[in-house]
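Pasting in a structure now, in structure tokens, and then I'll have a few things to ask.
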């Protein structure tokens, strides 16, 4: 895989941003292999993402960062510049439903997800054997209703010990406490098994069945304190009919959940998802 | 087009219904060209729909109906037997958005909708020229907030004068009063411009934009007294991204609305939609 | 899971088939939980599939078969009546691409595929560990171009020793010899990595890239002697753009292949796929 | 609608193109509202498209063009800079199938297509009334097999008299002679009623039915001398099953054709489609 520096920027929109940034990169000899921009006309905010061939620049990411700082300051940018050789560290959290875990582990091994999966945390012990077959540490942290605070302190310790850049709730089925939502803001990705905002909360497939909808869906979103209400990264649907029982909906839903979570996570890892208030810009 | 008798049945499920009905038809020499059944295991209700080649039977629909009555009584059936040569009479109701009207008139002329469109009712006069180009009577019934009751009495008169079997709210944008919902129960089809139950009520595309969803949709449903809550016939979606403004969502939505309403209406006219509580069985 | 007898029939169409079959079942007290019929008007052939609750009948599948024989003879039926408690035996054949294998093993373990996977045959040894983790025997049968006949004799021995009802080419990448195509006719399912008939043969994603198509696809079909030309069971597609390299197409394609093969195999195992000349009737 | 200058460029890729172009625009005070770039790594060609708010620049498109010329020369660009207030002139060509014509005229009137439709040419007189209802001149140019050359000379005269920028074969069903393909290269858009490269040539829905495919499609492409082989702009599909006759396929296909052609034409008119050999870059 080629080696890139990835520059991701958001700032107030004004004339000359692209000129300034692209000129800066050109002056260093940087070859841009992928470029995306977006101007939000409603809020007047500008977003951009560049992939720059590392070998085309005669400097480290660190050095590039230092020399970019004045440009960033000039335009009041929120920005990051990452070296794609430094892989993101991801922790997966699961409960008893294995489909998302199986799917992510497979994609990771197949090279589809540019990250290191550095641990799996679960409130059950069921997925240990599978996880360890992939050579990944498994942490069983039971969550007892009477004892949630202690459990989530352990979860936090595991996440911090693993130095995780990103936490994926791959059908974790427990609600993260506000303290964790805040601590890892913008870094926790959840898969919700409905087409949000329809059927937020518990048992969405049963809700969908009761309402008699003709399509079910899944939603990948960032976790915020308000349940199932964070910025949406990706959604997809599957057609259903009167023939299908709630069990069928759950089965179809598994396929949608896997696909939507994998796409959302991939885009997040590649720096393609920029949070903008309670929405996202996705340079997919 | 071939000439069929269409038998549509729902009744409490029990052993022997299909045997009894299919034997009855076979005894008359009836050739079944399309057959659909569904057993709802949760409610114990059975649904069926047969298309029988009229020429294969030596009798009129009326005579067939008479001879079927004892079978229907035996199984406590809700049923209908229609002659497809007798076309359904449809009234379209529109406001100022023309896309669904244009689409339905085209499909009707192209022979995709097996009905007579016997009138268009609108609270504005904008669509008169188009409607009359297709040779269809246009009734302008203004709806003044101060004067809704009178307006809907006129609407009712027009529907009754047209002897309409089916009323289509093709983006009518007015809420039918409960009296009309009740009078024409199971015969009024609406297109709602969201993926229900998300974004019921007004301005769904703007709601969708605000929430930052990645798919928008439309829902075709039977009208009941509770707004946007009737049995769903059909739904579909269109993918959107951060690039798209509310105006884009409206534009994409028009295509989804047209497609979903046309499918829903076609299935309704062909007797493929059976209402089951607040849900539908659709033999599409 | 409930216990069913599954009756699948095809025969020349005539008046009275459904009446005769459904009456036969009703006379035995049989409760039909799912019924599908199709009349092909072009060829005059009739197809049907019934699921009958085993407990509603006071007899074994064997006894039911015996008593159904006169009915079958009367209408010149091709038919089968299987007891769903007797699970089908499936052999998977793979090469080096693991995505379909991983997907099918997961679905099988999750109970989505109603069968026993009784062995995996591969021309490479790569998938042994994964296969054996699932407790399934792995047979490495190298295929040397100079020695194909011997290899396929071994393959045949393994299939026969496993008493396989169904063979799935889950990206096997070798062409089965005509003798095996004939021996297992109607029982070998392949996944082809294009939207057939486009891009039959080798390297379809590269062909698709060269042609500049905007959608790629995959096709699940029965294997016949003519390469990639057997009856199609299922197809699906994925949208691509100028941004995507052949590598991206291969990656998207893996997801389509997995989904299409899993659906096709599931339907085959449930007796939902009836071969009709070089086409299929799929009661999905 | 806002007023833009649209700059579309393709050239050999090298470091500094974006910097040079965006700096040029920033120096004039130009506010870029939409920007797209693509580097084809295989061929080393670079593509870009900018929408610039006209009011942010203190000059006409003509003046901007003149001052951009040295930049274009420096990078060996193929380029255009259009003023979106100057609407493209489009001629539609049809035969007897009206669905694409009805759809395009509706979208044009609804403001979805940023162009003037300056004429409809047909080898039949059937669509005259509809076309004239929209206030558009209709030219009936019969095409007699014995007399094709004369007919296409008349077609060319009409196109030239209309000063058409773009010609849309909206189910024209006649093959354009090579002379016209060449004369209007890159400006003639066709809708083919199959998922190319499957089922090129005549009667694709019947070919699809014979092959038993489970999805049918449509393809919008630029016309070249080689039949149905030009650069593909857009494709889409519709699911079909054994239930569907060739007539059903034709009916489903109409909806796909309309949608695909409308999207392709819209993108072409907005300068979003860049031809690259026999493929396209589509900044949709």
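Residue numbering begins at 1 within each chain, and the chains themselves are lettered A, B, C and D in the order written.
By our rule, a residue touches a chain if its C-beta (ideal position, glycine included) is under 8 Å from a C-beta of that chain, and two chains touch if they have at least 3 such contacts.
The chain list, named the UniProt way, goes like this: A, B, C, D = Formyltetrahydrofolate deformylase.
This is a predicted model, so every value here is computed, not measured.
S.K.: Tell me the fewest steps from subunit A to subunit D, where a step is a jump to a chain it touches.
M.R.: 1
S.K.: Could you work out which chain's C-alpha centre is the most distant one from the centre of subunit A?
M.R.: B
S.K.: If more than half of the interface residue numbers appear on both sides, call it same; otherwise different. Which is it for subunit C and subunit D?
M.R.: same
S.K.: Compute the distance, rounded to whole Å, between the mean C-alpha positions of subunit A and subunit C.
M.R.: Once rounded, the distance between the two centres reads 36 Å.
S.K.: Find the geometric centre of each of subunit A and subunit B from their Cα atoms only, then give the gap between the two centres in Å, rounded to an integer.
M.R.: So the centre of subunit A lies 42 Å away from the centre of subunit B.
S.K.: I need the residues of subunit C touching at least two other chains; which ones are they?
M.R.: Only 41 qualify.
S.K.: Tell me, which parts of subunit A touch subunit C in their complex?
M.R.: 98-99, 102, 106, 110, 112, 133, 251, 254-255, 259
S.K.: Write out the stretch or stretches of subunit A touching subunit B in their complex.
M.R.: Touching subunit B: residues 38, 40-42, 195-199, 211-215, 217, 231-237, 241-243, 245, 276, 278-282, 284 of subunit A.
S.K.: Going by the contact rule at the top, pick out the subunit D residues touching subunit A in the complex.
M.R.: Per the stated touch rule, the residues are 15-16, 18-20, 22-23, 25-27, 29-35, 37, 39, 41, 56.
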